[in-house]
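In the two complexes below, subunit A is the common chain; its partner is subunit B in one and subunit C in the other.
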Partner chain A sequence: MPQYLLKLRRYDPRSGEAAYWDEHRVDLGGRSSVLDAILKVRDEVDGSVGIRCSCQQAICGSCGVRMNGRPGLACNTHLEEAAARDFGVGWNPSEEGDEVPAGVIEVEPMGNMPVIRDLIVDMDAVHWKKIQRVSPYLINQQPVPEREYIVPHENMVDITQSMACIQCGACVSDCLSMEIDPGFIGPAALAKAYRFVGDPRDAEHHERLEDLSEDEHGIYDCTHCFNCIDACPKGVDPMSQIMRLRRRAGTDEKIVDRNNGHRHEDTIATLVRDYGLLHEAEMLPRSYGGNSWFGKFHPAAGQVLLRSLPSIVPAVLRRKVNIKIAVFGHKIPKPDLDAVKKLYAKIEGREQRVELNLYVSGFEDEPEAPPAETHGTGAPQDDGPATSPHELEAASESESS
Partner chain B sequence: MPSHDVLIIGAGLAGQRAALAAAQTGATVAIISKVHPVRSHSVAAAGGINAALNPEDTWESHAFDTIKGSDYLGDQDAIEIMCREAPNEILWLEHAGVTFHRSETGNLGTRAFGGASAARTYYVADITGHAILHVLYEQLMKHSATVDRFEEWFTTDLLQDDEGRCNGAICRNLRNGELQVFDAKAVILACGGAGQAYKPTTNGLIVTGDGIAQAYRIGARLMDMEMIQYHPTTLAGNGLLITEGARGEGAQLFNAEGERFMEKYAPNKLELASRDVVSRAEQTEINEGRGFPDGTVALDITKVPRRRTLESLREIVNIGRDFAGVDITREPIHIHPGQHYIMGGVKTDIYGQTTIPGLYAAGEVACVSVHGGNRLGANSLLDTLIFGRRSGEHAAGQALHMPMPSTPSTRVTSTEKEIRAIINRPQGGRRLAAIKDELGETLNQYVAVFRDADGLRTAHEIVRRLKEQARSATIDDHGTVFNQDVIGAFELGYMLDCAEAIVVAAIERKESRGAQFRTDFPQRNDDEWLKHVDISVNGEDVPTVSYSPVTITRWEPQERSY
Partner chain C sequence: MKVAYWPGCVSRGFTPELHGSMAKVAPLLDLELIELDRAACCGAGVIAEHNQELADTLNARTFALAQQTDGALMMNICSTCQGAQSECQQRLDANTEYRRQINENLADESLTYEKGLTNLNLLWLLVEEIGLDTLRSKVTRPLTDLKVGPFYGCYIVRPASRLGVDEEHPRDRYMHMVIEALGGTVIDYAGVYKCCGFPIITMNMDASLKMAGRHVGDAIDADADCLVVPCPLCHLNLDLQQPLAAKQVGRELGLPILHLPQLLGLALGLEPKELGMSKHVVKPTSVIDWSASVVAGATA
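And then the complex of A and B:
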């Protein structure tokens, strides 16, 4: 049985002492979960280790923690998988003759939320407050039918992805935007919002979208860092839900928000279409002044440029920006530019927008060789993690496109 | 000091449904839970919820299937109510926002389930419990002005007035250890079953029989406690649940010889016979040497079209991948019967009233009894919602005509002392987890699919010894903030009380019916045992047995085969 070194971040507010690392060696197989290891310590050594947990099958959402720097559920993260993360954790032999562990795993409470005790964070203060912010309940289309609402199967499948959220807080833990702007509504709550915006039974799609667009901490506050997608143990892909909210708001409902979020997005898309790469000098003026070459002559464009000087000047001085390219735009070879334009034409020429829902779509029964043996070959295998549906989806997606 | 018309303990489906129903009548409501409501174990219910909602289906058919499933131990008046009210409950859920699966026409779609004569199980992929629980919590957030939520508060005592009427509870705020008296005109227990008394179990770590034991300790009658459901498909090794929905979608069971053995035991319904029948069949195969060396048989989900599996059984695809290292769409998985549900619980009438005035119970903590000797799959979600709602409505109605009780806040002193005594115990006793493990393994060995008098007596002796040891179990945590160790000590006590009631009831019932199969009494015996076994304590920690009649309305007991 391999031995893992488990380093638990401990903290008791009543002790008057700072947080500290509590080290334990546990003998468990690499396919055991991090939660198994923590519970082994709690059961056999120290009953005071604080962690919320219940179902041990990744459905109750209690055991969100950070393991070697990455957020997730302790119950469905294997020890070998957590230990393999390159997080720069070292191991210093404390005594001569200590056995070198199979892996070192640092377990910390989730980020962006205050710690109550050990691995337990205050989700009410952050996560649930933000959920409450998005009116997290169905506002029924009237009249409510006597029997069920008639709703296309595809719509129900579509919102099942955001329904699958178990409110564990892993995405909130590592949301970079929230770290900068604690007011950001955040990935979990916005995914929850999509669950209603995508539900044909809800009566207030437009109001919800307007609300989330106009809020300066709303949908345009996300910076596409993908952390929430990496963090989510349930494949909810919060960032994808945020992007859907944006498309619904900007493209379908034509909501032009006061934060210039939608115009900014439009501008970037147009500039890339026309120049092949981002044209930095045009970006701000167009976002604020209007999305055309004339945008820069709008008074709002001048104002924003003036306001941005404190960022622009140091960027130029530190040579993060090349003035010539920034002002005159990037030049890419004509065939490349044509290829970019062709892509745009193809996508924009579609009659209907294709919304990828990788949660359940993208699979077909592919013909395959019959299994070598019949029943009775289902013994649990230990030859590494199986291919995840996500990888399969991604593969079949790229094949078809 | 909080005081409410209705105090609900437990915030799974039954508790939340009770809270919403009580609040709708205008009563003041508090709901208390030792975990955040969405962590409640209802969240793990996978397969679906039954209702005869299709025009071609009838509630009578649903009722008969349930009664037959119960091996005629279910009370038919309660079953009639549950099945009649089921369709409206589904529609209520749908209108509240549950994203039920749709057919091609956009109407609600169903899947097949065990022991049912029609496909009447409504579902959301294989996260039905999760989908419903989160929608109910959405409704609680919507109605936060009328329902006070106390999340992460642990109930230590049920309070009674001089006449024995339940009039509140003492609860501990886990965040700071503060104790608080909650006054209430009526208390509804909705805090789930006792699966953690078994090892392995499909139940979460929080399912520790709190409500069953608390009611039992103040004199409430427990009923049908011997009826423990072993689910036919739990994962080898860790006992995780593989939903019955898999078999509903077409998955098949095979023994190690490649034989589809259900053909022998239930030629008509095969894998979709009721759970006690399938579990017994599997255990027989395993005991007679036709299982795999790890004590399992194989569940072959590759019979289900792959796309269908990925769309509607996604959760078990993940469980197979994460917890067994198997792609269930490509190869069979090894499973065995495992503890899943307790049909018994606190005896109630059709309004959820227990034998203690002012105290209600709903959901797995209760025994109405709609499940009798064996619960059908997808009937438990229904039970929680129907009887949760009925309890909430009835309790609120009663409360209208009553003055608000008032328990002096000094009443917490004795609980405070009790907690301090636990915290200050001398070291040197057994560890809580060691006692709990021994309890779980004992029950799983002697009070499982097959039972006999010798084994049950052994189990009883062990439980008595563990009760003694639990009183001096070692406590490491001496703090006040999220002291889970102290909670663990309380929970262990609750589990041991439940375990004793289970064992005593199983010893008492000298026949085989539903989930109780006595190898020393292998026949069902309607002449002597068509009755409920009730367990209660009066003052001392010794369970006493009594009986209640089974209510039969129109379905006379018949021989049962699938």
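And then the complex of A and C:
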């Protein structure tokens, strides 16, 4: 039986003592869960270890913790998997000759939430408040239809992804925007918001989107760090739901928000159309002052350029920023730029957007070569849910409802 | 080795020292670069947010141009390009019908993307194609006593499954491995895998600068001489914006931030100036001092 060194981060805020590592050696098979090991310690050694858990089957979402620096459910993480984790800060690689050959597992409470005791965090103080913030219920159309409301299959599958959330808080734990800006509504709650924005039965799509765009801690406060995607034990892809909310808000509902979110997106799309490449010097002034060459003369743009002077001046003096490129930008060759412009006209001129939602379509193609022989940029085979054949028909569905 | 080379936008715009240092380092690594100068911006995830078909078409066009060259694979020097392009490629490779639709958009230019392109960031190419042993053998000026903090950022490590980070390809340790292979000392600090803040610089400037300032401060506290980044956008927030970030976090910073090819160049014997380090907003004084001391030591 392999022996693991389980290091539990113990802390009781009422004790006045600092947090400390409580080390236990546990003899368990590598396919036992981290929760099994924690409960073994609690049952056999120290009954005061604080851990919240219930179903032990990755359904109730109670046992979210960080294991070797990564968030997840203790009940569906194997000891061998946790010990082998070599990602993120807090990793302790086990080396040859180590006293504990099977590995060390550091278990900490989730981040971004206050600790109540040991591995138990205060979900009410953060997670549930954020969920309440997005009106997490269906707002019916009035008058309420007398008969059942038929929802198109692809819409239903689409929102099933956010409905798969079990509210464990793992994504909240490692959200890098929330770490810096605790006001951020965050990945779990925004994924929940998409569950209703993506539901054709809901009557207040526009109001919801306007609310979440205008809030300075709303959809445009997400920094694209992808931590929530890797953290989620249920494949909810919170960040992808946030991007869908942005697409709905900006492209479909044309909501121009006070946080520059829509202008920023519009600016990048326009600059790439007009130059083929990003014209960096235009990005900041247009995002603040309006998406045109004249944007830089808007007072909001002037203000941000003034604030940025301590960076702009040395960048110009050290010739980091070439004046010619700063003024005129850089372009791809004319025939290519013309081709790019034609692509824009064709694609943006469509009545309905063409989109592939891999959650709906699944990964259709089988790999032609064994995975071991291919490079990492190919489509992973073990990602995404299993697909039934009829879902493939919805491959190019539009998210517009 | 001949590769179809996608430099991205920013390496030719606001971080010209990245493109320049890559050009200097390539022959030393026996890399022949076929520059994809006809290709358009990857969209940085933002165009995909705006219109997915548009982003997928622009990147399929880039992939098709790469496949037209006789390069063994496509290489990029920007994590954000890697992440955005991997996302598009995942969709294109996962569904024949969708790929056909996107290729139809490219028909006017007689371009077609064929499933299965290999697109590697320079960091991945160093470890997986060139190999650390070969890299070690090319080092003429080991980075002895240079304390380097790796800053991976987001787009090159997450989501792990899409970016092929697994036991066989521990791509989230490659920067550690490369720094060690070059003879440097790896500094671990809190920000190794965190976000530089660049994606929200126009939406929430305070939070964005606070992210940059905090990571740079953490690295200074961990005694790093410099940070190395595989992404020019991280470089913009960590170097270009460092004076603003310092104000935001209320402490002095002044930590040099190197692009990956610049770190390689130093170990391969090039001078800081040749590698464009004089263009940085934060003067890389500690790195130049280190370089000067090594040269002095060699001639003494």
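Please note the rule applied: the second predicted complex is superposed on the first by the 286 of 401 C-alpha atoms of A that agree within 3 Å, B and C clash if a C-alpha of one lies under 4 Å from a C-alpha of the other, contacts with A are read in each partner's own complex, and residues count from 1 in each chain.
Keep this in mind: a contact is a pair of C-beta atoms (placed from the backbone, for glycine too) under 8 Å apart; a residue touches a chain by one contact, two chains touch by 3 or more.
This one's a predicted model, so the numbers in the text were calculated from it and none came from an experiment.
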Examine A:Cys53 and indicate which partner it touches, taking first as subunit B and second as subunit C; both and neither are also allowed.
first
Which superposed partner A:Glu23 touches (first subunit B, second subunit C, both, neither):
neither
Going by the contact rule set out at the top, does A:Asp274 touch subunit B (first), subunit C (second), both, or neither?
neither
First (subunit B), second (subunit C), both or neither touched by A:Glu204:
neither
Per the contact definition in the header, classify A:Val304: touching subunit B only (first), subunit C only (second), both, or neither.
second
For A:Asp181, select first, second, both or neither according to whether it touches subunit B, subunit C, the two together, or no partner.
second
First, second, both or neither for A:Pro152, with subunit B first and subunit C second:
first
Could you figure out whether subunit B or subunit C reaches more residues of subunit A?
C
On subunit A, positions contacted by subunit B and by subunit C:
363-365, 374-380, 382-383
Inside the complex, what are the residues of subunit A that reach subunit B?
12-15, 31, 42-44, 46-48, 50, 52-62, 76, 78, 116-118, 120, 123-124, 131-132, 136-138, 140, 144, 147-153, 156-157, 159-160, 163-164, 166-167, 196, 199, 201, 360, 363-365, 371, 374-383, 385-389
Sites on subunit B touched by subunit A in the complex
35-36, 38-41, 43-44, 91, 94-97, 99-109, 124-125, 127, 130-131, 134-135, 138-139, 141-142, 151, 175, 204-206, 236-238, 240-241, 254, 256-258, 292, 294, 298-300, 302, 305-307, 310-311, 314-315, 317-327, 330-334, 431-434, 474-485, 488
Sites on subunit C touched by subunit A in the complex:
9-10, 12-17, 37-41, 43-54, 56-58, 61, 73, 83, 86, 89-91, 93-98, 101, 105, 108-109, 115-120, 124, 128, 154-155, 157-173, 188, 190, 192-195, 197, 199-205, 207-208, 210-211, 214, 240-244, 247, 278-281
Residue ranges of subunit A touching subunit C (in the complex, touch as defined)
84, 86-89, 176-177, 180-181, 216, 220-227, 229-230, 243, 246-247, 250-251, 259-261, 263-266, 268-269, 272, 276-281, 283-284, 287-288, 304, 307-308, 310-311, 314-315, 318-322, 325, 329-330, 332-333, 336, 339-340, 342-344, 346-348, 350, 353-356, 358, 361-365, 368, 372, 374-380, 382-383, 395-396
